[in-house]
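In the two complexes below, chain A is the common chain; its partner is chain B in one and chain C in the other.
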Partner chain A sequence: MIDLVQNTIDGVMIGSSYGLLALGFTLIFGVMRKLNLSYGPSIMIGGYLGTVLYLQYGAGLLAVAGAVVVGAVITGIYVERLCFAPMKAGAGIASMVSSFAIWMQLEQVAILILPRHTYAFPALATGLPLEFWSLLVRIDHLIVLCCALGLAAAVQLMLYRTRFGLGLRAIVGNPVAAHLVGINVQMAVLLAFAGASAIGGVAGFLVLAVDQQITPMFGMWATLKGLIAMMIGGLGSVPGAVLGGLLLGVLEAHSQWYFGPHIRDLVAYLVLFAFLVLRPGGLLGGAPETTTPLKA
Partner chain B sequence: MDDYLIGVLSNIGVISFVALSAYLLLLTGEISFGQQAFFAIGAYAAGIATALWGWPLAAALVWGAAIGGGAALLVGIPTLRLHGLYFAVATLAFAEMVRILFELFHYQISIGGELVGPNGAEGFRNIRYIFDNNIDAFQFLLLIYSLLAVALLGFMLLERSRIGVTFRMIGEDETLAGLQGISVARHKILAAGIAGALAGVGGGLYAHLTTYVEPRIFDVMLGVHSLAYGLIGGLGTALGPLLGVLIDIGLLESIRILAGYRMIIFGGLVALLLIVRPRGLLDEQVVYWISRLWRRIFARVRRSRLNPRDRNV
Partner chain C sequence: MLKVSDIVTAYGKIEALKGVSLQVESGKITCLLGPNGAGKTTLMMTIAGILQPRRGSIRLDGKELAGLSPARIVSQGVALVPENRLVFPQMSVHENLLAGAYQRRDRGGINTDIERMYARFSTLKERREQMAGTLSGGEQQMLAVARGLMSRPRVLLMDEPSLGLAPLIVAEIFDIIAELNRDGTTIFLVEQNAHMALQVAHQFFLMEQGRITFQGTPGQLAEDEVIQRAYLGTRRAAG
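For the complex of A and B:
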């Protein structure tokens, strides 16, 4: 019983980082209706920038965090300008493949910057885990959870309580009509992309600081986990992204505990597949559009 | 030909099968991140058939195609309702499940005092059919390319047939196709099945080419690459995905000077190319121009044969 509760707590903690990754992903997808495969790799470039500062110049934790976010945002803007902005409306597949090509490029850049497989990353919080009735909670995990909930609330407020959010939702509804009523669509999309990359940067920093290491596989990992959590939670839904991340984390924690890492990954993909086939809208998303959002 | 060239060409030929498989689904308007699953299934099925059961290569390749196609049909049915990103992610999830299952798959038989067969994440070694039967690399290359030629011929015929036109029509507008009385579901499942079988043949050839397969070869990277080949080469003709493979493996393998910067240059070039040509180099428009030009030349030649006086015109 205590295992069950402890595993669930661990799952929620790990799941909050998935939720953060999904949050940025869902913001990009919600606004553009296009899949950005370079999402994880751009975060990774930020992570490598932070690692360089940490290893070469002994930068502190906050400086590293800033570097990760700035690196992710700059790379995100580069991806948006190259893969999304110049594409004609409706060339969704081309954008997706193009962002995949840039993924390859970014991975190579990361390997050129730091050629070894693993590098150390500064720890978020050291110290003994907190103990509540013989249940252990790591402090750094708690910080991640708070960041996830806080950022999700901020994004939700931004979307539904500000003028900029209203503009973004207008673009989601109909980009042409949004343009006609005077919204600068290009600019708003770019800002949304940069914001999503910043959220991804925060997520990436937290994950790396909890793991205390960075590898070139991080980009692929971030894209896949974010994608799964986003699809389970429901495309374009902010609370859905967090909830999907938490659900994924809990499922992984339990299946890892009972069956080991192979079955853990299998369960994650199985749940994703089942959700897509039985309830494509995810936990909190509406029914998917009848028109194909990613047509070439 | 030297061994290196044969190796590169064999690789291009084998990967072309997965690229064609993803291309066929692109024609019906679906993006699949998961064709590597059927490639993997074909590779394991054909490898087991020759190495463990002692089947001849031809039977093993047919078996790999059948299993790959059958698996694709089975996945095609539940994913039928899904479109766009949903379909893409569902195929990705399926392919990753297949990869993980192969990491857990153990099936070994002692042959000549040596354990042979898939051994989980360790992979499947000693698929020695082409050594045991004295088939040299060049002969195997010929086999790959003759099968590829058959596949291409099949595509050429398909694109001129009613079914092929229907596939493209479904890809353009599924609702409209349905309203015209076309059974969209049946055609999509058929396309998925053919695509799975194509990937299965490719996998069977791959297993015998490398004599060794392991689950981590068949990861998402292979899937997204095979999808990208069609987009780079062009969606207008089945030669498009082949051109894509040729550009990626052929051109970049040969430019060894760029080692270390290869993906930086290639990635940037692909991104720029897709801005100018979102449906690839050989897209429908280019294919139409070429075929029109070809028909004009052909018509002129025929006219001059019929009426010799026109020759001077």
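For the complex of A and C:
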């Protein structure tokens, strides 16, 4: 019983980082209806920038965090200008494929900067875990959870309480009409992309600082976890992103405990598959129009 | 007031507008008639800046609009109520109106104008918190008109406001158009419903295959035999 509760707590903690990754993902997907596969690799480039500052110049934790976010945002804007801005509105596949190409490019850049496979990353918080009734909670995990909930609330407020958020939701509703009421659509999309990359940068920094290491594989890992969490939670939904992340984390924690680490990822993909078949819009997202079942 | 000169707009190699020129006079209702595929919507989208013309100029009181972004054109005082209304379906009626005022920064003025819209369109007031996608076609059309007015345009462009609406609702929409005009709004209207348009418009243009083929007053339009047969459906007098 105690294992069950402890595993669930661990899952929620790991899942909050997935939720953060999904939050950035869902912001891009929600506004553009296009998949950015370079999302994780952009964050990874930010991570490498932070690592270089840490290893070469002994930068402190806050400076490293800033570098990761700035690196992720700059790389994110680079991806937007190259893969999304020039593409016509309907050409989602072209954007996705070109973002895959940039993914490969970014991975090679990372390997050129730091050729060994693994490098150290500064730790978020050291010290003993907190103990509540013989249940353990790591301090750094708690920080990640608070950041995830705080940022999700901030994004939700931005979307539903600000003029800029109104503009973004108008673009989601009908891009042509958004132009017609005088919204600068290109600029709003670029800003949304930069904001999503900044959230991804925060997520990436927290995950790296908990793991205390970085590898070129981090980009793929971040894209996959963010994507699965977003799909489970609901495309384009902010609460859905967090919920999907937490659910994925809990699921992974339990399957790792009962079946081992190899089965863990298998379970995650199985659940994704089940969602795609049974509830393609995710937990909180409305079913996208493309998934309307065919009538006989 | 709004002067369109020799506009050419093309989709790839196909020219949808082959040198269109017309004028919209201040304080009047100007109507553009024409069959499907004549290029009426293309012209509206070109004036609004969604499509870029290949040639020609669009001037509002002498100021060039061609080449500006849609947002800049809105701030110059041109608003388009698009074909099929295109309301923001997942946003409330109130939020749709706020979006219509996106270019404006005067909070007090925006709120006053929203109240004015609610006074004019009472169904919108009743449904202010309802998602726009759940409104009926006629209600969505009224919302689209109100949203267009929220930018305080000097010229309101309307692309087939009667499309797909029941006759009673169409009559209501045309009452609103006449009323807006009486209050001083300059209106440039695209219609296929020539009968309704004849009742409100002051000036007519006919567009066929990307060219203007007739222009005149309602009187001249009603007299023109070709137009009578093609658009008003009246039979030629025997003999």
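To be clear about the criterion, the second predicted complex is superposed on the first by the 289 of 296 C-alpha atoms of A that agree within 3 Å, B and C clash if a C-alpha of one lies under 4 Å from a C-alpha of the other, contacts with A are read in each partner's own complex, and residues count from 1 in each chain.
We adopt the following convention: contacts are C-beta pairs under 8 Å (C-beta built on N, C-alpha and C of every residue); 3 or more make two chains touch, one makes a residue touch a chain.
Computed from a prediction, not measured in an experiment: that's the story for all the values here.
Peer 1: Scan A:R161 for contacts with chain B and chain C and give back first, second, both or neither.
Peer 2: After superposition on chain A, A:R161 lies in contact with neither partner.
Peer 1: In the superposed arrangement, does A:H117 touch chain B (first), chain C (second), both or neither?
Peer 2: neither
Peer 1: Tell me the contact category for A:R279 with respect to chain B and chain C: first, second, both or neither.
Peer 2: So A:R279 meets neither chain B nor chain C here.
Peer 1: Can A:R81 be said to touch chain B (first), chain C (second), both, or neither?
Peer 2: A:R81: touches no partner chain.
Peer 1: In the three-chain superposition, say which chain, chain B or chain C, touches more residues of chain A.
Peer 2: Of chain B and chain C, B contacts more residues of chain A.
Peer 1: Of the partners chain B and chain C, which touch A:I183 in the superposed model: first, second, both, neither?
Peer 2: In the superposed model, A:I183 contacts chain C only, not chain B.
Peer 1: On chain A, which stretch or stretches are contacted by chain B in one complex as well as by chain C in the other?
Peer 2: Touching chain B in the first complex and chain C in the second, no residue of chain A appears in both lists.
Peer 1: Can you list the residues on chain A that touch chain C in the complex?
Peer 2: 163, 166-167, 169-170, 172-174, 176-184
Peer 1: Can you list the residues on chain B that touch chain A in the complex?
Peer 2: Touch residues, chain B against chain A: 26, 29, 31, 78-79, 81-86, 88-90, 92-94, 96-97, 100-101, 103-104, 174-175, 220, 224, 227-228, 231-232, 235, 260-264, 266-268, 270-272, 274-275, 278-279.
Peer 1: Which of the residues in chain C end up touching chain A in this complex?
Peer 2: Within the complex, chain C touches chain A at residues 48-50, 69-71, 74-75, 79-80, 82, 86-91, 95, 98-100, 102-103, 147-148, 150-151.
Peer 1: Where on chain A is chain B touching in the complex?
Peer 2: By the definition above, chain A touches chain B via 29, 35, 37, 82-83, 86-88, 91-98, 100-109, 112, 220, 224, 227-228, 231, 235, 262, 265-266, 269-270, 272-273, 276-277, 280, 288, 290, 292-296.
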